[in-house]
Amino acid sequence: MWKWLHPYANPEVSYHFTNKLLPWLSALTAIFLSIGLVWALLFAPADYQQGHSFRIFYIHVPAASLSMGIYVAMAIAAFISLVWQLKLADASAAAMAPVGAAFTAIALITGAAWGKPMWGTWWIWDARLTSELILLFLYLGVIALHNAFEDKNLAGKAAGILTLVGVVNIPIIKYSVEWWNTLHQGSTVSKLGKPSMSLDMLWPFIFCFIGFALLVAVIICLRFRNEILARNSIRPWVRELIQKNTVNNT
Amino acid sequence: MPLISAVNLTCIREERLLFDELSLEIYPGDIIQIEGPNGSGKTSLLRILSGLSQPYDGHILYKNEKISSCREEFHQNLLYFGHLSGVKDEMTAEENLDFNLALHGNKNEESLTYLAKINLAGFEESLASHLSAGQHRRIALARLYHNNAPIWILDEPFTAIDKQGVSGLEQLFSAHAQRGGCVILTTHQDLISIKPEQVKKITLDYDYL
Amino acid sequence: MTLKAQSTQETENLTATIDNSMIGDTAQSSQQLSYRHAFMLVLKRDLTIAMRHKDDIINPLLFFVIVVTLFPLGIGPEAQTLSRIAPGIIWVAALLATLLSLDRLFKSDHLDGSLEQMLLSPHPIFILVLAKIFAHWLITGLPLILIAPLLAVLLHLNEQSYTALLLTLLLGTPVLSLLGAVGVALTVGIKKGGVLLSLLVLPLYIPVLIFATSAIDTAALGLPYSGQLAIIAALFFGSLTLAPFAVGAALKVSTN
C-alpha cells in the first residue's frame, strides 16, 4: 500500500531530495516574505483605531497559527513513526520541535508588545495568550525530553509519545482556558478579536502568512537534513559525503 | 524448526555499531554461550532477543513468527533473567518468587520446594532487603526450577553465586537442553560440568571503525 | 552445615524434575491468563510494598499539608481573602503533592528490574499498568481526599463548597495519577528525571485544575456545578481509556 513512499523512506534518498528542494523553497520564501513584509509594514493602511501598532498583527497572527500548525504536523510525524516505525518521521518530528517553540515564543512576545499600547500592560490573561503560553510549555517539554535521552532513536520515540499525548490535550486545554477566561472576565477590555479586514490589509497578510509558512518549511528542511546525518553517521554514504566535503573545502 | 531466530540484526549504541547483519537460529537442545569483552554488546543482544530492546534494524522470530505478532505466546515460553534480579526488597523471598511465577502465568504451589532447591531453605520468610546479593539472585533464579518455558535467556546468571550454586545451575541447564529447551547465556567463566561439545559459542568482538 | 546437606539434595532432586516435566505443554501447566487475576496480582503486590514502606504514603500527605499552611503565612490571615483563594490553593497543593509522589510509581521497579519482568509477562501491559496506577491512587490520592476537609477548615472555605471539594478531588485525583503515570513512564529511565517530570506533566493538569476550582467556586455561590463535574468525569474516563496504552508504550521505550 505504501510502496510509492518507500524510496523516500530511505534516508539517503530523502537527504538528497531535501537538498534539491531547499534552493527552490528558499527562493520562494525570500520572494513572499520580502513582498509581504514591505507591503505590510510600509504600505498597508494603518488601523483607524490602533494606528501603526496594528502592524504587529502581520507577524503575530502568522506566528501564532503556525505554532499550532507545527505541533499538529509534529504529532502526525510522531504517529507515523510510532505506528509504521519510520525512522525518518522521527527525524522530521525532532526537526520541527524547536522551530515550533521559537514561533510560539515569537507569538507570545509580539502579543505582549501589541498588548502594551492596546491595554497599557504587557501581559493580560487573555485566553489566546494563555493557551499560547501553555503551548510553549508543551513544546519545551518535548524538547527537554528529547534532549534528556542519549540515544537519538529512543529520544524520538519518547518525544513522539509525549507529542501525541499533548495533541490530544491541546483542544481540551484550549477549551478549558477559553472557558476559564469568560468566567473570570472583567479585567479584559477587548480581546484580540479577528477584525474584519479590508482587502488592502488582507493581501499583505496573505503574503506574510505564506512567507512565514515557507520560512518554517526551509528551517525544518535544514534541520531535517542535519537530523538525518546525525542519525546515520555510521552509514557509508554519510562518511563518503563528509570526505567529499572535506576534500572540496581544502 | 528453530525456537528463536534473529534476522539481520543491527544494533547501534551511543553511535557505535555493536553488531551488523547478525543472524542466528537457535534450536531445541541448544546451549549457547555468548562471549566477548565488556561493552561488546552481549547484554544488548540478549535484550533484543527477549524483545525488551528494539534493534536498529532486523527482527526476532519465535517459531518463525515475528515476536511482535505473537507477544503473549512468546512471553509465556520465555524466561529472561537480566543484570537486575527483579526482586523487591520489601517482600519476602517466598512472596517474591510467588509473584514472579504468577506474573508469568505459572502456578505457584511449589515455591517453597524451589526455594529449597536453590539453597534458600530457612530464608522463605525473610525480607529480601535482609538477604545478600547472591541470595537476591537466587530468589530470581528459583524460577528456573519451575521450568515450563523452553527459552531461557540468562544474562550473567552466575554473578554472585557460589561454586556449588554454579555447578547446580549448570546441571540444570544441561537437563533443560536435554528436555528440548534452549539456554542462551552470557558468562565470563567457562562452563565446567557441561561438556564443551554441547555448548555453542558466539563471540562478539569490537569492531573499530 | 545445613546448606551443604541441601546442595547434595539439590542434585538428586534435579533428576526428578527432569522426569516429570516436559517442555512444550505450557498451556497445561500454566494458569489461565485472566485480566482480573493479573490486575489483582499487581495491585496486591504494590499495596503490600506500600504498607511496608509507610513513609511513601505519609510524606506526600505531609507535603500537601505544609504547602497549604504556607499560604496564610504568605498572604495574611484574613478569612475573606483565604476563603476566596482556598479552592485554588488546595487544588494546586494537591497537584504538587501528586507530582511528588509520582516518582515511586515506576522508579523502584525500574531500578531493581521488576519492571522488565512485568513487560516480559504474557499479561497485557495495560492491565498491569492500570493496576499500578490504581494502587498509586489508593496510596496517595485517597489520603489527600480524606485530609482535604481539614485543610478547607484552615482556609475558611465556604461551607457550601465542601461537597464540591470532595467530589472534584474524588473525580480529579485519578486523572492526575493517570496523566502523571505517562510522564513518569517517559522519564523513568532518565537519571535526573524529577524536574523534567514536572515540566511534562503540569501543563497537562491545567484542565483539571480549571474545572475543579470553578466547580468549588460555583458551589460557594449556591449555583449548580454538575456541568464542571461532568467535564472532570469525562476527563477521567478519557484518561482511563487512553493513558494506560501511552504508559505501556512509554515504558517500552524507557526500558529499552
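The first chain written gets the first letter, and so on, giving A, B and C; residue counts start at 1 in each chain.
Definition applied: a contact is a pair of C-beta atoms (placed from the backbone, for glycine too) under 8 Å apart; a residue touches a chain by one contact, two chains touch by 3 or more.
In this text the structure is predicted, and so the values were computed from the model without any measurement.
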Co-neighbours of chain B and chain A - touch as defined: C
Pair of chains joined by more contacts [C-beta pairs], A-C or B-C: B-C
Chain at maximum distance from chain B, centres defined as averaged CA atoms: A
Length of the line joining the C-alpha centres of chain A and chain B, rounded to whole Å: 47
Rounded Å distance between chain B and chain C, as computed from the means of their C-alpha atoms: 32
Chain centre separation (chain A, chain C; CA means) in Å: 34
Of all residues in chain C, the ones touching two or more other chains: 256
Residues within chain B bordering two or more other chains: 54
Two or more partner chains touched - positions in chain A: 151
Chain C - residues contacting chain A, complex: 179, 182, 186-187, 189-190, 193, 196, 199-200, 202-204, 206-207, 210-211, 214, 235, 242, 246, 249-250, 253-254, 256
Contact set on chain A toward chain B in their complex: 150-151, 153, 233-234
Sites on chain B touched by chain C in the complex: 28, 47, 50-54, 71-73, 75-78, 80, 82-91, 95, 99-100, 102-107, 116-119, 121-122, 127, 145, 147-150, 164-165, 168, 171-172, 175-176, 178-181
Of all residues in chain A, those that touch chain C in their complex: 82, 134, 137-138, 140-141, 144-145, 148-149, 151, 154, 157-158, 161-162, 164-166, 168-169, 172-173, 175-177, 179-180, 183
In the complex, chain C residues that touch chain B: 2-4, 6-7, 9-11, 13-14, 17-18, 21-26, 29-33, 37-38, 41-42, 45, 48-49, 52-53, 108, 111-114, 116-124, 255-256
